[in-house]
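There are two complexes below, and they share chain A, which is joined by chain B in the first and by chain C in the second.
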Partner chain A sequence: MRDAAALPEMTPQRRGARVAIGQLIDRSFRYWSLLPAALLFAALTLYPLLNLLRMSVSTIAFANGAEVWTFTPLRNFEALTTDDVLRPAVVNTIVFVVVSVVIEMVLGVALAIAVAGLSRAKRWVRTVAILPILVPPVAIGSMWKLMYNYDFGIFNQALVALGAMPVNWLGSTSVALASVIAVDVWHWVPFVFLILFAAVEGIPPDLLEAAHVDGATRAQMLRFIVLPLLRPAIVVAFLFRAILAFKVFDEVFLLTAGGPGTSTELVNLHLYKVFFEQNRLGYGALLSLAVIAAIVAFLLVSSRVALAVRRNGHSG
Partner chain B sequence: MMTGSGTTIRAGVPGRVYVALALFAIVGPFVWILTASFKHQIAIYAGQFPFTPTLSNYADVLFGRRSDFAGNIANSLVVAASSTALVLIVGALAAYSLHRFRWPTWVSAGFLAWTLVFHMVPVLTLLGPWYVAFRELGLYDTRAALIVTHVTINLPMTVWLLRTFFREIPPEILEAAHVDGCGPFDAFRRIALPIALPGLIAAGILAFVFSWNEFPIALTLTSRTTATVPVAIARFAQQYEIQHAQMAAASVISTIPAVILMFLGQRFIVSGLTLGAVK
Partner chain C sequence: MIANLRHVCNLLVAVAFVAAAPASAQKAFVDVGKQPDITVLIGSTPWYPAFEKVVGLYEQQTGNHVKLDVTPFNSILEKARNAVRTGQSPYDLMTLDTQWTIEFYEGGFLSPLTDVDPKFVMPKEVLSYGDSGYWNAQKRWRTSDGGKLMAYTPLGNVQLLYYRGDLLKQANIAVPKTWNDVLASCSKLAKPPSMYGFVARGEKGNGIRYDWQSIMLAEGAQVVKDPEAGDYTVTINSPQAKAALDLYANLLKRCGPPNYGSLGQGDVIQLLATGKSALGDVVTAAFASFEDPNKSLVVGKLETAPLPAGAGGAHGAVIGNWNAVIPKNASDAQKKAALAFSRWFLTYDAQRAYAEAGGIPNRSDVFTSDLAKNPKYRWMPAYLETMKFARQELGYAEGAQVEQILGLRLNQALIGEMSSGKALNTAAQEIEALFKKNGRRTGMLPPLPE
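Take a look at the complex of A and B:
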């Protein structure tokens, strides 16, 4: 309507056409507003998912640059049983997720409570904490690869200066996974901190004031007031961390690429290798479907648990 | 000693020490790589400190004849800027549509659940089919393939985040506009979008950073000419003779957007990363 009025030199016919188009856009807005997103998701998630199903029962070979698909429904399942790397990859992934997330939660919650108790510099800590989260994970990988370097990395320089033996941080089977977990902890404690810090700052001061007046000690206030009130935020942080930890790929790809041997092999790295180094698209598709199923199961279970915790939090 | 300012429990000495250590631990690695990027390779190997700073690593990375890094930066900028613009358009339309119009539950809840699941699933699982499909379409090794996939991976975050902003628009405003003869599209454009502007900025900042940082898709869908910055850094790290000094310089360059946005995007980061679950 406004467009027509703003263009007085138009002939009445053209003005009429403009109005008609405007009305068409308006009347169908409800449908075409959702359409681009729906199409994008259909083309880039739904269709690939169906393709995964088809690939998982096929063997795909490349001949003269063209793909040759053969229907071999059992072959990929057999490959599943003979895959020697899968087991260590699953075990390492579970160890990686559980250990790094637990450490991150403890350090992050403690940091949030400590920073909230500062009288100054809160904003500075918050700003600095954002940095590891926004920096390219690949840059974090290369940064720590330099620091872990056997010959000139900062850790071994420090050890040698103290008269100790240098450690092969990324090259020894017994230390490599711990080194990789340490990088993840460094990367994501700030994330837990930021979520929890907002929650700590949101605790009503009257509650603590009242407890103080009643003679509660600092430990009692933490145990009986602060931590219970933080429970919903802790659950949110924990769920997001657990899922993000499972998605880890970039840093480990740079730091160790799964080695030495299979000591830092993770499910995602294994998926990448099956698809793009071994070119086994069929078997890779089967593994992908298994991973997706595991994630969906985790989401279903954890959403139930999270709801239960939340309900408890309200009643208790 | 305990409540003082009244907001929360005052930090004691152990608390202050812990905060100081944490700050040192966060900042330390950045300082280390920053100094390494200004050292000659030989000074890195010798662990020299103090050292004579040099810009030669940056010069080699950016202008060296055997380095594609300037091209990588251009690719990253084009992909991040285009995918951010597109995801904001597509995401804002979808978020508004889901909020404003009475879609049947299976559409609205189904759409949101699907985006959530997709957001949680490692992108590695879809890379195989994407690789096959983009090869068939002749889009393998193009910026277009990267832009489209980056729009897709950032769409869940954008929709969920903008939803929380559209939800806060009082329905009376939109009703009043309707009564005054304002069509649905105009209401979206002139009323809803301006109100949701902070959300658009937040989602835009995050989408740009995530696209700039994204590694596995770029690794598998690009080759030399279309490679982005993270892929280039990974190549440095994988060479048989690692050029540590250049790798450090390239890594420092790659963190520039994050450093800028760290100051601009403070308030938005957490809500964006948690899909609006935490404000």
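Take a look at the complex of A and C:
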């Protein structure tokens, strides 16, 4: 290191300018330090989003090995309004998200409270319970498809062994969506359980002991202490699950591919077919934007609700 | 003396080694010279093991290397699209389902085989598969009439009628000649749930569209009037198409398992292989697995016949072949190497080896060789007969969308969500709207009673 004495002589003006530059850099450093992240954001998020926007108002064809873009905004909007499969897909997606997430939340909360009450087997149960999250969705789809098989599946084999009629799990329009929801519930209850289990473990034991001393029953403790304290964690788990449920694809694709009819057609599955099977890039882009808009709208509404719940929780 | 003895011994060992080596290892079927390594995009389909074996033979004979990118069916199209839309293709040869080729032909993404080597001539024994390897850019149609040679068929799948010879014999039932015979036979043979009478694909999408179209063609119906001549009048809502749909639904409802509306290819093969179905409409490529004792309980029991005729006596079958193509954006040397492999693959000997490995050869002379008399290849006569009336379907740019429309509406009719008349009317309206949007000369028949 060079000491100050070794530095060459500087005029007061030069020294002043240097200090000013140094101060300027110091002051604006926080902005400069954001530059790499901002550039990455622009390259990886903003540009694809803008490109998606451009695609959504275009028809893209290929000729002589190159893309040919034509500006046709109305054509894609017309396709959106006349798409007969989109309507059942939206309805099925809403049913799928609401039913699966509600069941997962109820089971997740129940499981978290039940396991937290265990003394010895707690660690073992916790490890086993999270196994389904570790299985890849493709494996889950294949595994459940085998189990649901009408002739060879374990469920129908068991039903027949018990003297009951076999069930058309994936081939009946009235049962198929419920079968798909059941797989999603099996897959994601452990995720909800994991978040809520940590929250239950975080409840100060002295609170419960005090309530016990005051004569509160277990039901009262659950109703007035445990559940209110779990509220923020429940909101977080709910938000995560709802977003992921909106995005479900692999399991449905492998189990039913949207059939029979349109009974398990979901928006993401339809989007995949438009993009990759029909090769309609412009309409596919518009559909993607519509899905993104729906998820953002859902997030905005639910974050407001979550805020209100948190405020309620603190004031209560 | 000892040195001489050692010399003689070495010579004897060398002679014995050469004599013991397979005949194919001694001389290449055709001299293709030393070529750079090539990469082939191929699906992990039931016929892949046979292709892999033949590729191994090519490497052994020529010393050239082939890298196979084995990809699940659903991902092949995306890999192929990405390959041709980038600067340089990672693949030198790609195998594409016949339905996908139009997108690649029309997009100008491929090199005609005669552009790679003007001297290349397709052997006359190679089957044409409805000219699926030719593209006439002016007509926007796959035809050898004015079309360029873009591809050849590494696997020419077509549906066959599979039947349990033993069960038919026991029940004294003749091999069905018409679809109504199939209905009558399967009704007699069905004893659910231990034995179903007939299985075919009912799942929405490609499955039901492809299987049903054979009956549709046999009944004299068609989706579009004359697309080759530019007449895109939609004729799918004809009384003949309705009769075909009603018959197909009847077959599956009366003779199939209760989950007929979601039966896919794997399910149909599984039901036949486990001896749970007496009759089935399945691709030829499945035959090898029915004869494999590790995969089948009915080895030697399943026979094949050409797909039956419709009420008017006409036959119909849809070709479901694969096409091997060379991307335009591969380097010249790689294209030549891909064509060299193709030239070898199309020889009689290679195609015979392919058939022996469980594949479906593409040369007529293999089908008429002594192999066809071997019980192991007893599917060959039925295949060759079916190829006489089999044809390509949906061979236009809108084919993928038309398939989605038909695949959904047919499935809805099958599971009872719509009447057959309504399903076909709806499909016709949707297809007509699609053609209209794309500027085709179109129209549709008067609606069927719903």
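By definition in this document, the second predicted complex is superposed on the first by the 273 of 316 C-alpha atoms of A that agree within 3 Å, B and C clash if a C-alpha of one lies under 4 Å from a C-alpha of the other, contacts with A are read in each partner's own complex, and residues count from 1 in each chain.
Note that in this section contacts are C-beta pairs under 8 Å (C-beta built on N, C-alpha and C of every residue); 3 or more make two chains touch, one makes a residue touch a chain.
Small disclaimer: the values here were computed from a predicted structure and weren't measured.
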Q: Classify the contacts of A:P260 with the two partner chains as first (chain B alone), second (chain C alone), both, or neither.
A: second
Q: Considering only the touch criterion stated at the top, classify A:R223 as touching first (chain B), second (chain C), both, or neither.
A: neither
Q.
For A:F152 in the superposed arrangement: first (chain B), second (chain C), both or neither?
A. both
(Q) So in the superposed three-chain picture, is A:A63 touching just chain B, just chain C, both, or none of them (first/second/both/neither)? (A) second
Q) Given the touch rule stated above, what does A:F276 touch, chain B (first), chain C (second), both, or neither? A) both
Q) With both structures placed on chain A, which of the two partners, chain B or chain C, ends up touching more residues of chain A? A) B
Q: Overlap the chain B and chain C contact sets on chain A and report the shared residues.
A: 67, 149, 151-152, 276
Q) In their shared complex, at which residues does chain C touch chain A? A) 77-78, 84-85, 103, 106-109, 193, 202-205, 257-263, 267, 270-271, 274, 276, 328-329, 400-401, 404, 408, 411-412, 415, 417, 430, 433, 437
Q | chain A-facing residues of chain B, complex | A | 2-12, 15-16, 18-19, 22-23, 25-27, 29-30, 32-33, 36, 44-47, 89-91, 93-94, 96-98, 101, 103, 107, 111, 114-118, 120-133, 148-149, 151-152, 155, 159, 181, 183-186, 188, 209, 212-213, 215-216, 220, 229-230, 233-234, 236-237, 244, 247-248, 250-252, 254-255, 257-259, 261-263, 265-266, 269-270, 273-274, 277-279
(Q) Could you list, by residue number, the parts of chain A that touch chain B in their complex? (A) 1-2, 22-23, 25-27, 29-30, 32-34, 36-38, 40-41, 44-45, 47-49, 51-52, 55, 60, 67, 107, 110-111, 113-119, 125-139, 141-147, 149, 151-152, 154, 157, 186, 189-191, 194-195, 198-201, 203, 205, 208-209, 212, 218, 221-222, 226, 233, 236, 240, 243, 246-247, 249-250, 253-254, 267-268, 271-272, 275-276, 281, 284-285, 288-289, 291-292, 295-296, 299
Q. Contact residues on chain A for chain C in the complex?
A. 61-67, 75, 82, 84-85, 149-152, 166, 168, 170-173, 176, 256-262, 273, 276-280
